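Same chain, two partners: subunit A is paired with subunit B first, then with subunit C.
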Partner chain A sequence: MHISDGVAPIPVAVAGALAALPGIAAGLKVLKEERIPAAALVSSVLFLSTLLVRLPLGPSSVHPLLGGLAGLLLGWSAMPAFLISLFLQALLFQFGGITTLGINTFVMGMPAVGVYLLFNGRIRRERDTRKAFCLGAAAGIAAYLASFVLWAGALLLCGRQLAAIVAIAFLPNLVLAAAEGIFTGFIVSFLARVYPAIFGAPAFEAEGEGL
Partner chain B sequence: MSCTTFFDGDTFIHRLDPRPRIIVTLAFAAVTAFSSNSGVLCAALAAGLALAVLARIPAAALRRRLLRLNIFTVVLFVTVPPTFPGRTAFALFSIPFSVEGLLWSLSTAMKANAIVLVFAALMGTIDLFTLGHAFHHLKVPVKLTHLFLFTLRYLDVLHHEYVTLLRAMKARSFRPSMRLHTYRSYAWLTGMLLVRSLERSERILEAMKCRGFSGEFHVLKHFRFSAADAAFSAVSFAVLALFLAAELAGAAAVW
Partner chain C sequence: MTWRRGILSLAVLAPALAWHGNALAHGATCRRAGGAVAVECLYDSGSPMAFCDVAVYGAASGDSVILAGATDAAGRFAFVPGSGGPWRVVVDDGMGHSARAEITGADPAAAAGADGGGRGGRTGRVCGGVAGVGVIFGIFGIYALARSRRPE
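Coming up: the complex of A and B.
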């Protein structure tokens, strides 16, 4: 769900970058120097996981986006984390692009931040693994669908002629959102059981709340 | 497989200062994305190809990247022309493809390919850690640079751990199929990596503190802006100015 170089006209690319900028600045502001290694390692894992894990789906397989998980684990720092991972993806694998880096960061990062604000508090207190699964799944699906909506909106801003792509992508993405939800749910319930303190880590912002 | 590969080599492009290369890449991307004149786009594509050849990027790697990109442009060619208003060029299964739509798809594909070629030739030839240092010297926010360098530093380490865990799963006859069990196994693998990475980050922080880390990151690489860099920047910006002038003046178009 990335927008490639060349598709976005300059005004849209600039608008996307301007929209992403405050979030990135906020993410960097709350990230304390001491927490940078933790944030970097979490974002490395997310980057690898989206790249390497192939969830079997019917005759084919899909790769997770993990926007919801990124939000739950990184909070506002998900914005700079996505900026970096999208830059690396553009540089190493030609997914997305440099002129569209701002738009793509906004599309992926804002839903992550939204999920953090909505779900992190509840997951932090949740000890029941089944409920943790449901919360995680809801977070994963919400972030995925929100990213899809932003992506579709950005494409339509790039040109009305791209509406056909959005229309074709709509149904498959609902299925992908479900796969993403199940996957995120399992990760969250695993973490709630094994290492619940991890959800205190978006206290990449809070005082002294250790891992 | 390493996740942090770049195009190694020893051409004059590799020897240039990374900072002007980054700036020229960004300027080129902006000018190309802005252009709509077909003559300018052809020139941009030619410039991209020339740089890729000059940087001696391995043909196989380049082909793989361009192929990945052009899967997307094929989607454009199939989906855009039928809905783009304009004269009908031809009809396929009685779906009309408009001339304007085809041209729009073509110029979008050319822009994307030109930018990718320049991106690979100028920035893909910088070792990623050097790139981090160059960002630092270009006054990218310090925390963002640190985050970038740390993310890179541990990508390979964590990739190695991922491979180890996956091998352990395969040794226990794990085979992916479309079942909840597969999803759960992959989820636990990712979860386990997260747990391990956070524990590792604690150790890293302690090691850094032991060595007197005080929030400041000392950059070891410094770059020198030489005569060759000045010449490269001057030529690049002259060419880009030419593109821009041709675009604004509405120069002779190929179509």
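Coming up: the complex of A and C.
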């Protein structure tokens, strides 16, 4: 779900960067020292998941985004985590691009923040692992589908046709959204049982303090 | 007399009908051309960029497309350069993925090696992945150091 260099006109690329900047600034502001290793770990997972897991579906290939998991674990700090992983993917492997870094960060990072705002509090309070699984799965699916909608919107702004985007990409991404939801649900239910503090207080305190 | 008029009419019309049939194929022939440059466009997964839009730009044409087309099912596209180039071939699948190749007409190897996708195969990808993880932890480590030194 990357947008490559040269696909986005300069005004769209600049608008994407400007849209992503406040979220990145907020993410850096709320990122406390004790959460930095977690942010580095999640950023590495985001970097590697796109790199190593690619499912050939249709004429292209799709890859996991893990926006739901990143948002639940990092909150607003998912934005800088995505920024760094996308920057290195563009630099090392030409996935996405440097000029489209802002758009790609916005497309993948903002749904993660949205999922954090919607689900993180409920997951923190949840003691039932089945319900934690369901919440995690819903968060994973919601983040993926929101990223898909933003990505399709960005491509529309780049002059692509909606019908072509939906015809080629909708079904494969729907399948992957479901798969990512199940994966996120398992991870969330496991972490909620063995290490619930990972969804923890610092992000909430930071939210009140920083934003 | 009526049948004589019919035969006469046919005799007059026959050349006209025959001429019309010739006109459909007038001046249009196809033959195999030599000197074509072919590019093969693949996603980093190795699957072909099939039926994707292709635009060819010349060195002097700037942003003007001098040739447009589409790749075939195997992700291949061929054209015959009119000069030595260089030519810039941009392949776009319309889904946010594009590949570029700089090609000179006299250098087929340049075309064979041109792609805009991942580089280095599986080994390169593993090495890049390990390097990337190292860089990520380095960036966050420097950020942690900077924050720890910031005066409260």
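Just so it is clear, the second predicted complex is superposed on the first by the 174 of 211 C-alpha atoms of A that agree within 3 Å, B and C clash if a C-alpha of one lies under 4 Å from a C-alpha of the other, contacts with A are read in each partner's own complex, and residues count from 1 in each chain.
The rule is simple: contacts are C-beta pairs under 8 Å (C-beta built on N, C-alpha and C of every residue); 3 or more make two chains touch, one makes a residue touch a chain.
All values derive from a computational prediction rather than experimental measurement.
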Touching A:Val194, do we find subunit B (first), subunit C (second), both, or neither? first
Between subunit B (first) and subunit C (second), which, if any, makes contact with A:Ile182: first, second, both or neither? first
More subunit A residues in contact [subunit B versus subunit C]: B
Considering only touches as defined above, state whether A:Phe170 meets subunit B (first), subunit C (second), both or neither. neither
Once the complexes are superposed, what residues of subunit A are shared between the subunit B interface and the subunit C interface? 4-7, 28, 31, 33, 36-37, 39-40, 43-44, 47-48, 51-52, 54, 56, 61, 84-85, 88, 92-95, 161, 164-165, 168
Given the complex with subunit A, which residues does subunit B contribute to the contact? 3-5, 25-26, 29-30, 32-34, 65-66, 68-69, 72, 75-76, 79-80, 82-84, 101, 104, 108-113, 115-116, 119, 123-124, 128, 141, 143-144, 146-148, 150-155, 158-159, 162, 176-178, 180, 182-184, 186-195, 197-198, 200-202, 204-205, 208, 215
Touching subunit A in the complex: which residues of subunit C? 43-45, 47, 49-51, 90, 92-98, 100, 116-119, 125, 128-129, 131-133, 135-137, 139-141, 143-144, 147-148
Considering only the defined contacts, which subunit A positions touch subunit C in the complex? 1-7, 28, 31, 33, 36-37, 39-40, 43-44, 47-48, 51-52, 54, 56, 59-61, 84-85, 88-89, 92-95, 151, 154-155, 160-161, 164-165, 168-169
In the complex, the residues of subunit A that touch subunit B are 4-10, 13, 24, 28, 31, 33-34, 36-45, 47-49, 51-58, 61, 73, 80-81, 83-85, 87-88, 90-95, 97-99, 159, 161-165, 168, 179, 182-187, 190-191, 194-195, 198, 201, 211
